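Pasting a structure below so you can have a look.
Chain nomenclature is as follows: A, B, C, D, E and F, assigned in order of appearance, with residue numbering initiated at 1 for each chain independently.
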Amino acid sequence: MLHLVNKSPYSSSSLDSCLKFATKGAPIILFEDAIYGAMAGTSLESKMIEVMKDHPVYAIKEDLMARGVNNIIPGVREIDYTGFVELVEQHRPCTWS
Amino acid sequence: MKFGVLVQEGPYHHQSSDSAYQFVKAAMDKGHEIVGVFFYHDGVINSTKLTDPQQDDRHIQKRWSEIAEKGVDLVVCIAAAKRRGINDDVLAPGFRISGLGQLTEMAIKADRFVSFGA
Amino acid sequence: MSEPTKMMFMMRKAPYGTIYSFEGLEAVLVMGAYEQDISLLFVDDGVYAIKKGMDTSPLGIKDFSPTFRVLDGYDIDKLYIDKESMEARGLTLDDFVVEPEVLDKEQIAKLMEEQDVVFPF
Amino acid sequence: MKFGVLVQEGPYHHQSSDSAYQFVKAAMDKGHEIVGVFFYHDGVINSTKLTDPQQDDRHIQKRWSEIAEKGVDLVVCIAAAKRRGINDDVLAPGFRISGLGQLTEMAIKADRFVSFGA
Amino acid sequence: MLHLVNKSPYSSSSLDSCLKFATKGAPIILFEDAIYGAMAGTSLESKMIEVMKDHPVYAIKEDLMARGVNNIIPGVREIDYTGFVELVEQHRPCTWS
Amino acid sequence: MSEPTKMMFMMRKAPYGTIYSFEGLEAVLVMGAYEQDISLLFVDDGVYAIKKGMDTSPLGIKDFSPTFRVLDGYDIDKLYIDKESMEARGLTLDDFVVEPEVLDKEQIAKLMEEQDVVFPF
């Protein structure tokens, strides 16, 4: 299953809920305000590095650009909407808003 | 593949509708079939033809109507629409108002069903 | 005949503050008529949706919790609740208008993986 | 005292509009003056006369129109309204569409200004 | 200043933001989904008891009733909308959504 | 002449995911014309509203961040940012399109207490 998270991890518990139920290896896409979770040098960075031990983490490029975030945590994979579609081809999605 | 899409938030206020649009566009560009886009909760507000944003901003309703012109079924939930003041009098081209049965049918038909918002 | 589609309604939001769980329930009722394989999962603040003893009359808001009791009549009997969400909120099975099966997070993860569609409400 | 109120969420979808209504009603019952209710962001959706909820639910738009009948100024932000498909064609009785200057004036006039939502 | 909080403390960081900036003695009203923070026997109870050492905490009765919450933490003061108005008479409000 | 009303705009939401900060900014611009005592506070995810380097063109969404730069011309020069919110998000003053004054939580609490009106956006 592919997990889609769109809320800021600083103000919402959605990412935590997602992580609770995501099985090992399940990919996670951060988009909209959730991309702030992919930014390097933040209080959440170490947590995200732990997350990436169990899950491939993707961040939507268009959302990173819109928010002026260009320093992402090494290991987070930047994808565009075509990449988003490709992941949905491979996995059934589940949305955490 | 066959994709179904659910939009659960209103335009401009939340980005969910923008994201759904970007996703649908990218899926169509890749040759996928969109079995339908269902507008639920505040998502129904995407369908009003009275939408009149600033000139230098995107026109979310028109974007969807353009998607409809490419043959995509845009279904607005009647129950959610009535609560929020959306009816046929204000419905933009390409949208149709119908019941939740349509959502069920999209979900059954689609190989992948993607929800935006909620 | 094709296999029925496995559809899970995941209720994650508290009632009344937002309408998600109520409109989600309206969707569940309609889908019940389509003879698919439907399940309902209460997780996070969604567990509050089935709390007993609601009285919305002072606010004049429609109380939708009784509708959960009729789901059985629509052949929707797969109701699940997240143990952790329930316990963190100080709730037990006695607190609910229906009797969902209590699952831990591993069981829920497994159940989700089996679904064709997950609707978040 | 003079109270000003801001409503920032749409009806039914969020409870903010209900809460604002309960607050305004209680304040009026206590003899306070409501200098105005300003509808901003999705709050503008409270003002459409096309609102048509289920029979056994409250009618949020009518509740506000009744408040207006008691002399309360209900102002809908024009910029926010245009984005969400609200204009004079669908405006319910008692509401008027105007600019953010009205919000400023309410905030200046009021002894207490209370925001619901956002 | 009177602090108004309407989001569930389980899914939103609004209550925490409010607590960060509320000065000692400033009253807090929990309404809408925030009333779940006033419920007894939860994982948040001990935190709320700490909060009440610095702030009078109120919960709106109509919202408690709507949600079927009748077991509130001792010390939380139940008020109706008239009580809400009276607190606003006494303090300028600040909303945390 | 009466005293000017002290009004604080408290931006707490991230840009683009929701419209609050953008429509909040529209309100600030209008109020600037009324010669009141206006301040702008960036706290929680609201600090992202003034992040440098936004490029919304791939999404076709209007980029509103340049508008923050013109506030000065509207005599709105009291811009504050919460130190803790900024630091938790790995941001420094170099990251912003404007130069807010950095305040700790005690200073912000004090500033809030002085306000006649706080608008949350």
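Assume a contact is a pair of C-beta atoms (placed from the backbone, for glycine too) under 8 Å apart; a residue touches a chain by one contact, two chains touch by 3 or more.
Fair warning: this is a prediction, and the values are worked out from it, not measured in the lab.
**Student:** Quickly list, by label, the chains bordering both subunit B and subunit C.
**Tutor:** Both-contact set = A, D.
**Student:** Same or different: do the copies subunit B and subunit D touch each other through matching residue numbers, with over half of them shared?
**Tutor:** Same: most residue numbers at the subunit B-subunit D interface appear in both copies.
**Student:** Would you kindly say which chain has the C-alpha centre located farthest from the C-alpha centre of subunit F?
**Tutor:** Farthest chain from subunit F, going by C-alpha centroids: C.
**Student:** Name whichever of B-F and A-C has more C-beta pairs touching across its two chains.
**Tutor:** The greater number of contacts lies at A-C.
**Student:** For subunit C and subunit E, let me know how many angstrom lie between their CA-based centres, rounded off.
**Tutor:** 27
**Student:** How far is the middle of subunit A from the middle of subunit D, if each middle is the mean of its Cα atoms, in Å?
**Tutor:** Roughly 37 Å, centre to centre.
**Student:** With chain centres defined as C-alpha means, what is the inter-centre distance between subunit D and subunit F in Å?
**Tutor:** 25
**Student:** Which residues belonging to subunit D are in contact with no fewer than two other chains?
**Tutor:** Within subunit D, residues 8, 12-13, 15, 22, 41, 54, 79, 83, 113, 115, 118 contact more than one other chain.
**Student:** Hey, what residues on subunit E touch two or more of the other chains?
**Tutor:** 6, 10-11, 13, 32-33, 62, 92-93, 95, 97
**Student:** Which residues of subunit C are in contact with two or more other chains?
**Tutor:** Expected reply: 12-13, 16-19, 44, 59, 61, 116-118, 120.
**Student:** Pairwise, which chains touch?
**Tutor:** Here the touching chain pairs work out to A-B, A-C, A-E, A-F, B-C, B-D, B-F, C-D, C-E, D-E, D-F, E-F.
**Student:** Once bound in the complex, which stretches of subunit C touch subunit D?
**Tutor:** Of all residues in subunit C, those touching subunit D are 16-19, 59-62.
**Student:** Per the contact definition, I'd like the list of subunit F residues that touch subunit D in the complex.
**Tutor:** Result: residues 5, 7, 13, 19-20, 23-24, 26-27, 30-31, 33-34, 36, 116-121 of subunit F touch subunit D.
**Student:** Which stretch or stretches of subunit F touch subunit A in the complex?
**Tutor:** 12-18, 44-45, 48, 51-56, 58-59, 61, 63, 65, 87-90
**Student:** Can you list the subunit A residues touching subunit E in their complex?
**Tutor:** 10-14
**Student:** In the complex, go through subunit F and note every residue touching subunit E.
**Tutor:** Contacts found on subunit F: 10, 12, 43-44, 84, 105, 108-110, 112-113, 115-118, 120.
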